[in-house]
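Just passing along the structure, written as C-alpha cells.
Read from first to last, the chains carry the letters A, B and C; within each, the first residue is number 1.
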C-alpha cells in the first residue's frame, strides 16, 4: 500500500507544482482566470467531500459559500475588520453555521435531504435580499482597494496584486486538496465511504452514522465558506447572485464533470467548465444552454466524470 | 446467573397490526438458540427489536443485566450485539477484505484476516464483494459479524439460498463459534435447527408458543399444528 | 382601507394563491408520487406553457378568449411532447435513478430556460385575460377572472382525483406507485405508465400556466417560483397524496397571500421555504405521505 501512497502524493504534488509553474507562462488574463478557478475549486472540493465521499447530494451549498462571502465583505466594509480578521471570522462563522444547519438538515434523508438543503439555501438567499441595506442585494458590496492592502505579521500584503492572489489561491487550494487527501485515506474517510455505500450496514457495524455525517457536513460547509471568503477578499465583490441557486448547482456540476469521489476531480471539473463557458461565449451568449447540455450528457454517458472514468478503467489507485 | 439477554413485555405494532406481543424471553450466555415459526409470526421483528433496528411500542430489552431499550442500534453493536441481515447487506463495491476491515474496528487487519479464515474466505480477500456467489456473500456477512467480536451474534435466516454443501459447512462454522459466542438464529431449515440448537423458541402470531429442547419441541402437539406439520416436507 | 377589508383582500388573494399552487403542484405530485423522481425542470414546463399561451394569443386572431381556448390546446400538447421526449430519451436511459434524474432535469432546466430566452426574448410578456369582469366590493374591486381560476382549479383537481380513484387508469397508476416490481409481475407495462404519468404531469402544469398567466406575466425566469412552491406543496402534503397536496396548498397559499398583503412578498417566501424545510426535517414523508420505505 505504501507504494500507492508515494504515487498518490507525487501525483497531487505534481499537479500543484504545475499550477505554480503555470503562472510564469500564462497571459495576464489566464492568470486572473486561473486564480478565480482555484478559489472556486476549493468550493468544489468542499462540496465533493459531502457529495462524492459521503454520498449526500446537497442542492443548497451556496448558503455556506455565501456565509464566507458576506462575512468577509461586511466584516471589512462595515465592521472595520482587517482582512485577516475578516477571513478568520468567516471561518468561525462558517463553522457555526455548518454545525447548526447540519444538525437540523441531517435529520432528513434521501430526497427529503436534497429538498431541505435547497429550501434552506433559498431562504438564505431571500434573506440576503431582504436585508438589502446591509448586503446591497444584487448590486453587491464592493470592497475598496485600500482595505485589501494590509500588513500581516509585519509583512505587507497587497491583494490587488495578481501575482500574490494567484499564489495565495494556489496555497489555499493546496491545503484543501491535502486535507481531503489525508481525510479520505484515513479510517474516517473509509467510514464515510461505507456510509455512502450502505448506511444501514454501517450503523449495524457499530458506527455512529449521524456523527460521521455531521462532521463531514461541517468540513464541507467550512471549505465552502473559506472559498466564499477568499472570493470576496480577492475579487473585492459580494453580490446576491453568488448566493443564488445557480451557485449551489455550480459545485455539483463541476464535481460531476471532473469526477465525484475523487480528490482532483472537482479541481479539474471547475477548470474545464470555465474553459467550456469561455470557449462557448466567444460565439454564443447561451452559457446556460452549454451548462445544461453538459449536465445531461454527463448523466447519460459519464456519470463518473472524467477522473472517475479514468480511475475505473486505467488508474485504480487514484484516491 | 444473569441472563445474557432478556426481554420483558416486549411489544411492537405497526398501525393496527400487532407484530410482536408481550414477549418475555431469556437467553443465557453460551447457548445456541433457534427461533422458528411460520411466516409473519414476528420473528424478524422480534430480532430487530433486540438489535435496535426497530423501536418497541412497549416493553424492555436487557443485555447483560442492563436496560438497553433506549439505546440506538450502533451502541448496541458496541455493547456486543451483532446482527446479520436477512437480505444480504454487504458493501458490494468494496473488496472482501475492505468489508471485513470496516467491521474489525480495533483488531484491524489481523482481526479481519482471522475472521475471513474462520469462514473460509481468506483466499478471496481481494475479490470485489458484489462478484461473490450468493453463498459466499452470506459467509462474508458472518465474517463481518465475527470481526465485531460480539457476545451475541444474531443470524437472520442464514442458510437461505445456500446449497447443501454450504449448509453443512455453515453448521460446522456455527458449532465452532458457539464455544465463544452466544448465537441466536432465525431459521426455517428444520434439520439445521435440530442439529445446531441447544434450545428452540417457537413464535406464532407475535407471541412465544413454546420453548424447549429440540426433542421437546418436536414432540409438542401445539407446535406441530402451528408449524412443524405443514413445514415437514 | 381599514383592517377588515384588508383581511378580505388577503383572504381572496390567499385563496387564489392556494388554487394556483395546488394546480401547479398537481403535475409534480403525480410524477413524484408515481415515479418517485423529482423533475427539477417542472418550473420550466410551467414557463413554457405560459410562453406558449402568450404566443398563441398573439398569433390566433379573434381576441383574448379565442387565444385562451387555443392556448389550452397548444400549450399542453407542446409541453407534453417535450415531456414525452424527456422521458423516452433521458429518464428511461438512466432508469429513473433519483439522483441522476435530479441532475439531468437540472440540465434540462437550463436548456429550456436558455431556449426560451433565445426564442422569446428577455422581456416580460403580458397576456390578456379571456374575459374581464370586475366584482365590486364596497371597499375595492376584485378581478372576476381570478375567481374563475379558483373554480377551474378546483374542477381540474376534482377531475384528476376522480381519474385516480375511480378509473382503471388511476388504479394502474396507484399500483405502479405502490410497488414497481409487483406491478411488472402483474403485467403492467411500467415504462408506459411512467411515460403517461410524466406527460400528464407536464400537460397539467401547462394548463395551469395558461390559466395563471393572465394574472402574472410570462417571463423566461418565471419558472423558479412555481418550482419551489410546487416542491413545498408536494413535500409538505406528502408524496403521492393529492389530498395532502391540496391541503398543503391551502395552508401555504393562504399564509403566503395573507403575509404578502400585510407584510412583504419576500418575507412570505422566506417563511414558506423555512416552513417546508422544517416540516421535512421533522416528518420526511410530509403531512399525508406514506412513510418512506
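Just so we're on the same page, contacts are C-beta pairs under 8 Å (C-beta built on N, C-alpha and C of every residue); 3 or more make two chains touch, one makes a residue touch a chain.
Being a predicted model, the structure only gives us computed values, none of them experimental.
Enquirer: Farthest chain from chain C, going by mean C-alpha coordinates, please.
Expert: It is B whose centre lies farthest from that of chain C.
Enquirer: Taking the mean of each chain's Cα atoms, which chain ends up nearest the overall Cα mean?
Expert: Most central by this criterion: A.
Enquirer: For chain A and chain C, let me know how many angstrom lie between their CA-based centres, rounded off.
Expert: Chain centres of chain A and chain C, defined by C-alpha means, are spaced 33 Å apart.
Enquirer: Taking each chain's centre as the mean of its CA atoms, how far is chain B from chain C in angstrom?
Expert: Measuring from centre to centre gives 49 Å for this pair.
Enquirer: Taking each chain's centre as the mean of its CA atoms, how far is chain A from chain B in angstrom?
Expert: Here chain A and chain B have centroids separated by 44 Å.
Enquirer: For the complex, give me every residue of chain B touching chain A.
Expert: It is residues 51, 53, 73-75, 77-78, 82-83, 85, 89-94, 98, 101-103, 105, 144, 148 of chain B that touch chain A.
Enquirer: Spell out the residues on chain A that touch chain C in their complex, using ranges where they run on.
Expert: Counting only chain A, the residues touching chain C are 57, 59, 104-105, 107-112, 114-116, 118-120, 122-123, 126-127, 129-130, 245, 249, 252, 256, 286-289, 291-296, 298-300, 303.
Enquirer: Which positions of chain C touch chain A when the two form their complex?
Expert: 36, 38, 90, 93-94, 98-100, 102-104, 106-115, 117-118, 224, 228, 231-232, 235, 264, 266-267, 269-270, 273-274, 276-277, 280-282, 284, 292
Enquirer: Using the touch definition from the top, list the residues of chain A that touch chain B in their complex.
Expert: 190-191, 193-194, 197-198, 200-209
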